[in-house]
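In the two assemblies presented below, chain A is common to both, partnered first by chain B and then by chain C.
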Partner chain A sequence: MKNIPPILETPKPLHFPDLAAMAAFSLPLHSSFTPSPFKPQLFRHLQRLKLAPHARPPVLSCGSNAAAVTGPTGNEVVVNGIPPDYYADGGSVQLPPSLQRELMPNHVAVIMDGNRRWAGSRNFPIVFGYEAGFRAFKRLIELACNWGIGTLTVFAFSSENWCRPKAETDLLMGLFERILRFELEHFMRENIRISLIGDATKLPKQLQSLLVDAVEATQNNSRLHLIVAANYSGRSDVVQACRKIAFKVKDGLIDPNDINEYLVERELETSCTDFPHPDLLIRTSGELRMSNFLLWQLAYTELYFTNALWPDFGESEFLEALCSFQQRQRRYGGNL
Partner chain B sequence: MFLRWLEATILDFGDEMHKVYMWIWSSGDLGLRLLWHILHLILSTWYFIIGLMGSVESFLISSGLFKRYRDLDISKVQYLAVAIDSDEALQTLKVLELLRWLEAIGLRKVCLYDTAGVLKKSKEALTLLLKNERMSSETASDPLVEEKCLSLEVISFSDGKQAVAKAADVLLKKHYLSSNTEKPKLTESDMTDALGAIGYREPDPDLMLIYGPARCHMGFPAWRIRYTEILHMGPLKSMKIGALIKAIHRYTMVHQNYGT
Partner chain C sequence: MAKQSSNRATQVIEAVGSFLRRCIGSILSAGPIPKHIAFIMDGNRRYAKKQNLEEGAGHRFGYSTLMNMLKYCYELDVKYVTIYAFSIENFKRRPEEVQSTMQLIQEKIEGLIEKESIVNRYGVRVHFIGNLKLLSKPVQLAAERAMNATWHNSKAVLSICIAYTSTDEIVNAVEESCKEKQKGNEKLLDEIGEGPLIDVADVEKHMYMAVAPDPDIIIRTSGETRLSNFLLWQSARSLLYSPGVLWPEIGFWHLVRAVLDFQKNYAYTEKKSKES
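Take a look at the complex of A and B:
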């Protein structure tokens, strides 16, 4: 793949798009400097991306189970689903200074792309890339726990990935088994709940068994809900939801006239969490697509694409993604 | 990272600085007020330069000075989707201008989307205006006029999740509500066929351009964007043809491995 300079996605420092982005983000400072009777005509059309504390709108969330309150305009808006007292316990959530507690996403989804390219760029075998990717995965979990993110969904293996060489898929399955064997204790200690979405029946039997045990052992954990998408396809998720609905109709549990999009949504695999809709999707390695991941659930999800390869995605990159998320306007098909 | 930290620090002090400004203003100190206005002038000049650079770049790209943008391989973009924020979609003239640009670049199949269905209401007007412009600029006997026409599909939120729910109903009637007790295994092809049966036969877009404040696709039919490249272009009122050409060029350089 050619080395394509970033154009319209999250910019690198000192490139033209980043200067423009920085100029736009600095507008609130500019506006706050300017007395109300005098505003430069040239910049009146630019919107404030961040408001003063007293004028901040309620935080919006895609979570279908999030509480709804009446916003300043009188229209009902959806407020961040995490209960206020969760962040009151300052001992468990310690945010960097550049992040605001009230604007933290409930649910972050990650497409961990770029392991093979990372290895290839260093003339390493592919296994090194996946090992480095696993270390980045561990770092992300730790950060998500420390920064109070409730749900983290990671795209570990796509149903399309079976087309890769068997040696590579066997390597990946072996890596997953090793992770489950040696990290389960850590997940229990850190109070992390594990769920699996995707068609597990095609995974090796041993891995299936380990997954079932991990899901069962961690089901009461509550600090972080880690959803692992393995052999997952967004389209297949929708199809299996429709199949479940059809079974329920055939069993007389649902009336055929009641079939609507809400019913489909309830049967998707992500209904295992209280916040099935990610607030933020991060994809690494510079690719600007969703690649059949959570297609239904990402309707109003903020999309963040970064050029960093997955093994290089660390604290600073995650912080940048969250800062970018907190500074964007979010709309949910209506007005703010 | 340093820029982000700097930006966050500046923003955090923004409101405090406003209070400081009000204090300066009320204190009557002319020297401080002069310093404030100088700072304001510097910032204004900075924004002006940024805007000017963007306009110059767009002009240079659209004038064909850069070879790579001049020799755009438009055949790689078989189907383009444009998702527009519903409030911004009310700017019909801007949407028309965008369609004109897309037609001039060489695109033939475009899908317009907005959540609330605003574009559906203006579809007829857009199609008519485009057709009139085409007729007035081409000779009546030009056999290639029809080939150059932009094929426009206009959809809204109801064509996404609601369509899938309707397709689920079709699948239910076809596969499950028969006397046959065997439970058939539904596949993605079955869903695609069901969507086609209720009128949704258009192909998946290769590239989606998003115009609006939020960097999300605003509920574009999920079934169709499995491998679609997604680019956020900013507000519709600030759209530039140079940015459009740049976005399409970027797509033509991308290699997709489709999971392999």
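Take a look at the complex of A and C:
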């Protein structure tokens, strides 16, 4: 007799903070919201100093928006454009006691691996694996919002996944369409901005138009920047940046000898965010590889691998990943 | 007399060790052996602190460990080995540390060309990968001499990444691709009106690491799980293995473990490479 799967539990609604708390909460998270005179490289440099867990970062003079505060560990932390009272009074971000606020990553990337294995291990059809994976995805978004993570990038579909059976890819495309149709209102309510990276032209036309609508409708949202990588390949991202630069060379706008890391970075698809480099990459299901995801951007990203399959990835697993991240010493090749 | 007998004892132990390694190597050869292993040799300075050694001594121990690991890899018939010797970011370290590391690197590069060195014993061709113009002249010249001296070796390849970061490598590949397309397409551009077409192959052929296939395994010691700007492009499908030991403490058994993990995941990686 076929195993009948249990009734799928409805997801818990996200906590709905009041307007004043939302404004205070969203103020420090995104440079698009907080006016800043600084270039992206300086942002990243300051971010790195902020996250150094053991070194005592120098206090920099960063213009009128900057404030130097003492974090809970006693280190001086330069916070760029963030009101001095933000950390002192705890803001509206409620973190579990094992996490330190000043060591929270700005950008988390996730490879949501293991949906099919989850379904296979329970003798469920694959579609239940993906449905359960979607619930885990919603849980992660809720946690990212509640714990003040500014940017979340998810590897929804790789360009290499087209080799899977057509029935499965059609199922996935159908699931994506359904998610966009029924969840867009939810994302608007929760003030979540959606961006898309990857070659959308190969996706079904209906899904493409839903994605364009979702990106446009949410472009002014600022609580969480959700970047969805669909039909994405890290190498193709670099190659398309290379092509754009080649066009500029052809038009005489750039000399080939002037091509540098900043120029390449600006043309990558992740330039839609001020924090294109994830601080932490989480991959589930025990696979220890990057699978062509965000290659350039992962230069100094802390990698965290867990054996949990993606549908089983919940609050405790995410907490464990963040605790592991907070214990790491990030040196960026320099001194201890 | 005592010295002779202790040398003899060392030789016997080494011979027994080599024999045991070959036995284990034959067992491992029943499965697929990785073609290319890359090492991020992290933890030399922490090892020196841990053992209360003077500064710089950690790197010397690290070098001996490197020689042993290369021996184990070539005994296992791994054709390509890549090591992350010095990153462009490492120039930010204290000048005395950078200078002593560069001196050690120059000394060891010159040692590679000697008759009894590991590269001649195993027929290894040496490549120096990175932005070599950032190195001092003596180190550059030593690197060139080593590459010329081992050019005809063909049994295995050792790629030493020095003054290297992956982002610098990609920028250089982009620059070279643009220059090549610019030169080749100057006449075509006016007729067709389209820009130069660049694809993955164009970028790949200008990478410094075009001398070797993509690594099958990337091993980073000291328990840190990050790539630190090493082989970002080439690591798309590599197995990442990060044992907790510091680099001078790594041994044969860690390599065996990495190869076993590779063999366990081999079916998956083959399927993925066929899909792509």
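Everything that follows uses one rule, which is that the second predicted complex is superposed on the first by the 243 of 336 C-alpha atoms of A that agree within 3 Å, B and C clash if a C-alpha of one lies under 4 Å from a C-alpha of the other, contacts with A are read in each partner's own complex, and residues count from 1 in each chain.
Keep this in mind: a contact is a pair of C-beta atoms (placed from the backbone, for glycine too) under 8 Å apart; a residue touches a chain by one contact, two chains touch by 3 or more.
Treat the numbers as computed from the prediction; the structure is a model and nothing was measured.
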- [ ] Have a look at where A:Cys163 lands relative to chain B and chain C in the superposition and call it first, second, both or neither.
- [x] both
Checklist entry - Now for A:Trp310: first (chain B), second (chain C), both, or neither, which partner does it touch? => result neither
**Q.** Which of chain B and chain C A:Phe155 touches, first, second, both or neither
**A.** neither
Note to self: By the touch definition at the top of the document, which applies to A:Met290: first (chain B), second (chain C), both, or neither?
What the structure shows: both
* To do: Return first, second, both or neither, reflecting whether A:Cys323 touches chain B, chain C, both chains, or no partner chain.
  => first
* To do: Applying the touch criterion given at the start, work out whether A:Ser98 contacts chain B, chain C, both or neither, answering first, second, both or neither.
  => first
Across chain A, the partner (chain B or chain C) reaching more residues is B
(Q) So in the superposed three-chain picture, is A:Phe275 touching just chain B, just chain C, both, or none of them (first/second/both/neither)? (A) neither
_Looking at A:Ala246, would you say it contacts chain B, chain C, both, or neither? Reply first, second, both or neither._
both
Where chain B and chain C land on the same part of chain A: residues 160, 163, 234-236, 238-239, 241-243, 245-247, 249-250, 256, 259-261, 264, 287-292, 295-296, 298-304, 328-329, 333, 335
Residue positions on chain A within touch of chain B in the complex are 1-2, 4, 7-9, 13-14, 16, 18-20, 22-23, 25-35, 40, 42-43, 45-47, 50, 52-53, 97-98, 158-161, 163-164, 233-236, 238-243, 245-247, 249-250, 256, 259-261, 263-265, 287-292, 295-296, 298-304, 316, 319-320, 323, 328-331, 333, 335
Seen from chain C, its contact residues with chain A in the complex are 45, 87-90, 92-94, 165-168, 170-171, 174-175, 177-179, 181-182, 185, 189, 195-200, 202-203, 224-229, 232-233, 235-241, 261, 265, 268, 272, 274-276
Note: in the complex, chain A contacts chain C through residues 160, 163, 234-236, 238-239, 241-243, 245-247, 249-250, 256-257, 259-261, 264, 287-292, 295-296, 298-305, 328-329, 332-336
Residue positions on chain B within touch of chain A in the complex are 1-5, 7-15, 17-18, 21, 25, 36, 39-40, 43-44, 46-48, 50-51, 53-54, 57, 85-87, 115-116, 157, 160-162, 164-165, 167-169, 171-173, 175-177, 183, 185-188, 190-191, 212-220, 222-223, 225-234, 237-238, 243, 246-247, 250, 253-256, 258-260
